[in-house]
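Consider the two complexes below, in which chain A is the common component and chain B and chain C are the respective partners.
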Partner chain A sequence: MTSDIQVQALPVQGRRRGIDFSWPTFALLTLVLSVLVLLPLFWLVYYSFRSDTGAGATFANYIALVADPTLLRAYGLAIGMALAVGVLACIIATPMAWLVARTDLPGRRTIRMLVTASFVTPPFLGAIAYEILAAPNSGIVNIMYRSVFGLEASEYLVNIYTFSGLVFAIACFTFPYVFTLVANALDKVPSDLEDASSILGGKSMTTLRKVTIPLVLPAMLAGTLIAILQALTMFGSPAILALPAGFHVITTKIWSLFQFPPRLGLAAAAALPLLIITVILLRAQKSILGRKGYTVLGGKSGTPRITELGPWKWPAIAFVFCVLSLTIILPYLAIIKTAFTGTVGDPINLSTLTLSHWRFVLFEFSATQLALRNTFLLGFLTATAVTAIALIVSYLVIRRSVPGSGFLGILATAPVAIPGIVLGVGLFLSYANPTFQLYGTIWILLIAFMTIELPAGYQQMSSAFSGVHPELEEAGRIVGASRLRTLWDITAPLLRTSVVAAWCFVFVGTIRELSATILLTTANTKLVSVIIYDLNESGDLGAICVLGIILLAASFAVVFIANRVPVLGGSQMNTRG
Partner chain B sequence: MAFLELDGLTKSYGTLTVVKGVNLSVDKGKLVCLLGPSGCGKTTTLRLIAGFVPANAGEIRVGGKTISSAHSTVPPEGRNMSMIFQSYALWPHMTVFENVAYGLKLRRLPQSEVTKSVRTILSATQLLPLENRYPGELSGGQQQRVSLARALVIKPEILLLDEPLSNLDANLREEMRFEIRRLHDEFRYTTVYVTHDQAEAMTTADMIVVMNDGRIEQAGSPEDIYERPETEFVARFIGGTNILSGTRGDKDSVVGEGGLVLRCGSGSTAASGKTAVSVRHHDIELSSAKPKSADTNVTIGTVTRQIYLGSHRDYLVSIAGGETVRTVAPVNVAIPVGQEVWLHFPPEKCRALAQ
Partner chain C sequence: MWKKALSAALLATGLAASPAAWAEAPAPYQITPELVAAAKAEGKVVFYTATDVAVAEKLAEHFKSKYPGIAVQVERAGSERVFQRIGQEYSTGIYNADVIETSDAVHFEYFKRQGWLEPMVPQEVADKWPADERDPDGNFAAYRAHLSVIAYRTDLMKDADAPKTWEDLLDPRFKDKMVKAHPGYSGTVMTSTFVLSQLLGWDYFEKLGKQNIMQVQSSTEPPKKLAQGERALEVDGNEYNVFRLIDEGKPIKIVYPDEGTPLAVGNAAVLKQAPNPNAAKLFYAFLFSLDAQQLNSDFGGLRSFHPDVKEKADRTPLSKIKILHSDPEKLEPEIPTIKANYEKYFGT
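Let's look at the complex of A and B:
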């Protein structure tokens, strides 16, 4: 046996030095990402110093920013709204996360799944659901209230077209951010930390107060900051709920500056503070979460300690049910009901059930088919392009194959700090000029979506790459595979699941985008989200709900297919750490 | 004739130089161990040999051909080496068979030959019944064997091992040491083995290279390294030792600070200034009465600690001059703490160290 192995060493056939593609790839990606990220910001700053009427540099826009009371008021309201949303989301989400992660509450897994799934709900659809439920005249809740108590048509119980209504509607769809962060943090607090407190004599409430809560406090704060940021930069919900209420937040104000006569310089100047606030909030969040050894707990965690609720079980169930009803069950029921009945106020019985909205949306309304095609085409293109770019960038960054590749990572992460509406302004200014006549084509939307989704895609891919031990690739090299061959044979199969997940994530994010889209779309490049917004202006809620259901169904279908088809996702392997 | 040669090999990262001009020759078919504490540059040296990192200065030659220099680096896939990684680096999406066959497939061998070679090496490593398992379904020791089989099957010119046993538990580690040596005796590949465990190095190596701070402290057979250390670092790192410092006396003796004169049977003393003597723990003779025969290499001390370890007793004795000497004695030599005791350092066991 020894002798037949002990022959001359086997050389690798076709041994030669391959061309190193690292540098050209690096240069190309740097260029692409710079165009995506830096160009719109450059034009944003440039236009903010330009007068809308004549030529020449001017500070007039910045002066108007301070002097114009409507702009100041819009900023004030937006900040107030965002803070209120943050507080409300935190108050709802934290106890719920604790109940789900750390108690014997029945149905914990289902609740968690439901909340996670509600991430998929586009916030503007939530706002519309609340229009259906709680508009002062036509809202289902108010109609029922009046019929129960036999009141006048002018009476109402709740009114969503108010500042507090807006805060409530947004908080309903941002609390999952806080919930997920806190629940995950609670999962990670090792039970031995709590056991250590108990053994020293801490009663369970003392332990909760002195050990558990301080340990998840950073996650709470970070989640709240995210909710604040989401609310601050959101366009859809305020446009749907605040405009009828008669006030502007900053995103709707910037949008209104694009209406005739357009005041682009002022819009640019008004967008910049939003960018700065976002950067500050993100830095704050990072510094809270980045304090190592505090939130990021190493070591074996064991199973988290479960508190028995005992007699508190029923109030807890009531609380969770109440939250789920307000954030998921009622809105979805309202949307489904509206899609299948004649008008919002109709009672549900056989005679009011109708498919007329479906017929209208799918066959009669001329814009739908184009919008559906555009939406899914853009979703597909964006998801594919972003996943591909993110894959290569994270490879270059994680494996440090080129000096300076860290810069690419920064570029790919930077758009996270650019609110959609700000990016919309920047892209409009960059590509609506005669040099690049992209305005009015779907390419400007593709650029916008790629920029917006790049950070999410990059984050997913780079964490996937760090899960693949570099020695796995080195093992391929040393037994004779070239770098590209190693990538193909070893790295690619190991990353497949993550790539598919990232693709789905980007796709779902793209088809619901509205903030940047609203400034960049034209009659030829309508998207489903924009159609929904347009239909809302004309009050056609039935058609909106049909489109909303189509969007949601598409999102769930993509996620489902990705998880089930063996070629794309689940197979027997698991990546060893 | 040397097969693998490192010539003035240097590697730095920014201002930090981790490998500082290493010279080493390894004969064909020998197993050489790079041994040293963590951060001594041994793993970087191995990765330089593998071609994963380019050298800043110096050369690596295999069979007279330069494969690494400051100007050019043959990529790892062009070196016909193979390597066993600390994490084993088994591809989790391939079965045991596929893992082992991968390198052969890259060489475009016919399928029948691939199957035959893989089966042969799998039976040599006692893995044949597991060929259809995935790495995640194997124990640590089995994964280690797969990693060995995958490295050996391509008949590499040089085999590299990077702390291959550090992830195994103690019993398995001892077993695998002998297994690696057995496979080396069977296949006779030129092998470079990196470890920080001296027992591992002693068991497996033909030549041990002790590294410290990016340099080679000493290279030689296990006997050389243990019995004839040339520096204090090597003496301390390989097997416990007592280092007694002093100044050079007449001829081959060293005078300690407390007046103890140690005649040294081997080694060399520093020409001037401080010099040192190394005496292994078990070479010191301990007794309650003054030994009659000797007038040098003897001193009196006080027992400061005594531990019963079943097979022997472990003593700490403080001697004049403030130094503490550790020694072992048979179980029946039981001297309580605080009592005076005589120590005899046999000259043939005292090794003078110039540095």
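Let's look at the complex of A and C:
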């Protein structure tokens, strides 16, 4: 009561003090982000020095890390796999990006759209689709190969349960990272440099080799690094394809340490090198991306040059079609086929078509409803919270409204260095104790997802912010509105297409998350990704495909609606995207 | 009827005669209208189980039709995962589960030692169950049993070529042809690995590991890989899943090897911290009722300790099979060795 009176009595002071929330917002965000990022890392380090048998402080876990051949082998295989995925993704994605961005290839828009669809597909679902397609005996591809060439039952063309099969299946769903970065870079390469090369007598291939490729090389390397990072920290695909082949990668090995009796200390110690490798890779990426500045320096001097493919058109179409078949068309057809037939090996005819998997998932399987509800609730909450935090943080950082706000930017980017499974271990150690009791609620998952998705959201928002000139905000401030009010009334509407894009990005990212989730769910906090994983362990492929179709349909619907709601920016999205 | 009364009387004298062993087993209870009403007021029961998800959901459906108004939340995972999950939840003070069931008998010895179980004995268990298939203190009882069997696709492998013994599996002709579940996930396979390592020694597994075997997780999965045609022969896997697939018309045959077939006993119990204690008590009694056990046998292909359950005629009765029993007390200290050796020989 008294404060109300004071405000009325001292209107000017009260307004200034009461409305500028910059400092409290900054303090609150710093606190929230510190808790999100630093607490799990602290417990991770702490537990890595604790004995699993309760004998107090010890180095035993680190000794085991270098002495245990199974752990070393898992690390070696994981690193080899990640490098191979990176190289393969780069080899597939770069020519495709060039064809789509800089040639007269027909259907370029559609191709970009289909690549985005591959990005939305959770990698674990892609891995399961490849089990259906390329298992040595029951895989559809191998069945067709045998029947076409009339071979014996023991012959096969491809075997997905191998190291190379695993690399292939992961690359299929990580190449969009390289593709998007390289295609965007190619969009930006100034055509005057290429024109200069042509004027000086360079043939189109020489120009490509000497001008265009060097200019997009940083983007290629950066994309490859992201693909390597994704593969290194991925849990779902290796768990589905590597374990049947009889080997562990580091993420599945860490997961196996949680089996009874749990070896939390060793799990924590085993997770830390993964964190260090990730940080090293990200620093490498940053130093490479930092040099990318000079491509942008050229500025946009006219539309990008389009190369006419001429007689190369058909081979190019064949190449793109082949890539899209392997990454989108075949996996999706396999999923749809399995959802509607009895078992995977069945041929398609009237007698094998059945709705039994749908009946099972929709009416008999008691986890379905709960998991769908949890998944979408968490998707909405995470996307909304991350977008809001990213919006405010990038505002504070870009406009430098509070001294020290750069630190917030670092905090918001830091989780990018924390692999999902490491964060899962850290969060389990932080919040699964009688003090916090967050384990077993959806809040621990919300914390995990917010932490994982924050860097992506922040990157998108801050790049959008740097495109908005501050003069409009200054106008708002001069008229007397507070910082948050200008942010809300002026800046946010200007940014709404980016906001919607960031929201969708985070939403999709949340839905496909498995590596942190797998350690943090309980019976009442099941997610669709986890029940898909559970069903895979008991071999119920039909039910998985039904759930996968529901999950994908719902994600596409949410993304579609978010881009169509007029209040949120409506169709403007399309002109940008 | 008098038979029942007599057995109850015998049981009562037994109780009186050996107070040390029976001191803590509570008196058997029946499903009373009061219990049903109290369970309905709670409206829900959470069942952590390792039984194949289709079988467990079928059972839940039957319960719901019998006691409408009580929802059953089935949480299915492999035995070792269920064990890991309950361990993680209880160590952090989360009490989600009402009734728990796994196919690794070691777990129930562990739960009992930890004091996590609420002793109770349904009337049916007291009357019908063999004494060595239930806890003397009434903490748990054997809800189901099944064998871990060798099986093969008859269209991909001739009967004459099929293995007859465990040693046969080491033959080079089976290389690349076999699928096998994992002891770190499946209680059934943990049990069978222990029993077979005792019988045949670890060098048997070392040789088996060189046969390039497809490694899956759950013991429900090898039969499904057979059905799918992914492999022609399973090293281990639930007999009940094979029965179900044979009933569906899949060309699969079971082998009961000469050396013997490992038996996995699935115990069930009610947790002391059950959030829905009355629904748990009702559901627990239901699990051992004749019609639930008969459903498990008919639809699920599981073996039952209920003497009145009638098995389908085409199934080999347990009495005709040489069975390898496991001793949970001896198995428990061996678990780390089994896991380490397994990873050494099979890679994961």
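One rule holds in what follows: the second predicted complex is superposed on the first by the 532 of 577 C-alpha atoms of A that agree within 3 Å, B and C clash if a C-alpha of one lies under 4 Å from a C-alpha of the other, contacts with A are read in each partner's own complex, and residues count from 1 in each chain.
The rule is simple: a residue touches a chain if its C-beta (ideal position, glycine included) is under 8 Å from a C-beta of that chain, and two chains touch if they have at least 3 such contacts.
Bear in mind that the values here come from a model prediction, so they are computed numbers and not experimental data.
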First, second, both or neither for A:547, with chain B first and chain C second: neither
Partner chain(s) touched by A:140 [first = chain B, second = chain C, both, neither]: neither
Contacts of A:499 with chain B and chain C, given as first, second, both or neither: neither
Contacts of A:257 with chain B and chain C, given as first, second, both or neither: neither
Which superposed partner A:538 touches (first chain B, second chain C, both, neither): second
Partner chain(s) touched by A:471 [first = chain B, second = chain C, both, neither]: first
Parts of chain A lying in touch with chain C, wherever the complex brings them together: 70, 135-138, 153-154, 161, 242-248, 252, 256, 258-262, 343-345, 360, 364-367, 370, 428, 432-434, 437, 439-440, 522-524, 534-535, 537-541
Partner chain A, residues of chain B touching it in the complex: 50, 52, 74-83, 85-87, 89-93, 102-104, 106-109, 117, 120-121, 123-124, 134-136, 150-152, 154-157, 160, 186-188
Residue numbers on chain A that touch chain B, as the complex places them: 1-2, 4-13, 15-18, 469, 471-472, 474-483, 485, 489-490, 493-494, 571-576
Contact footprint of chain A on chain C as seen in their complex: 46, 48, 52-54, 57-58, 60-61, 71-78, 80-81, 83-85, 87-89, 91-94, 96-97, 156, 176-177, 182, 184-185, 213-218, 220-221, 224-225, 227-232, 335-336, 339, 343, 346-348
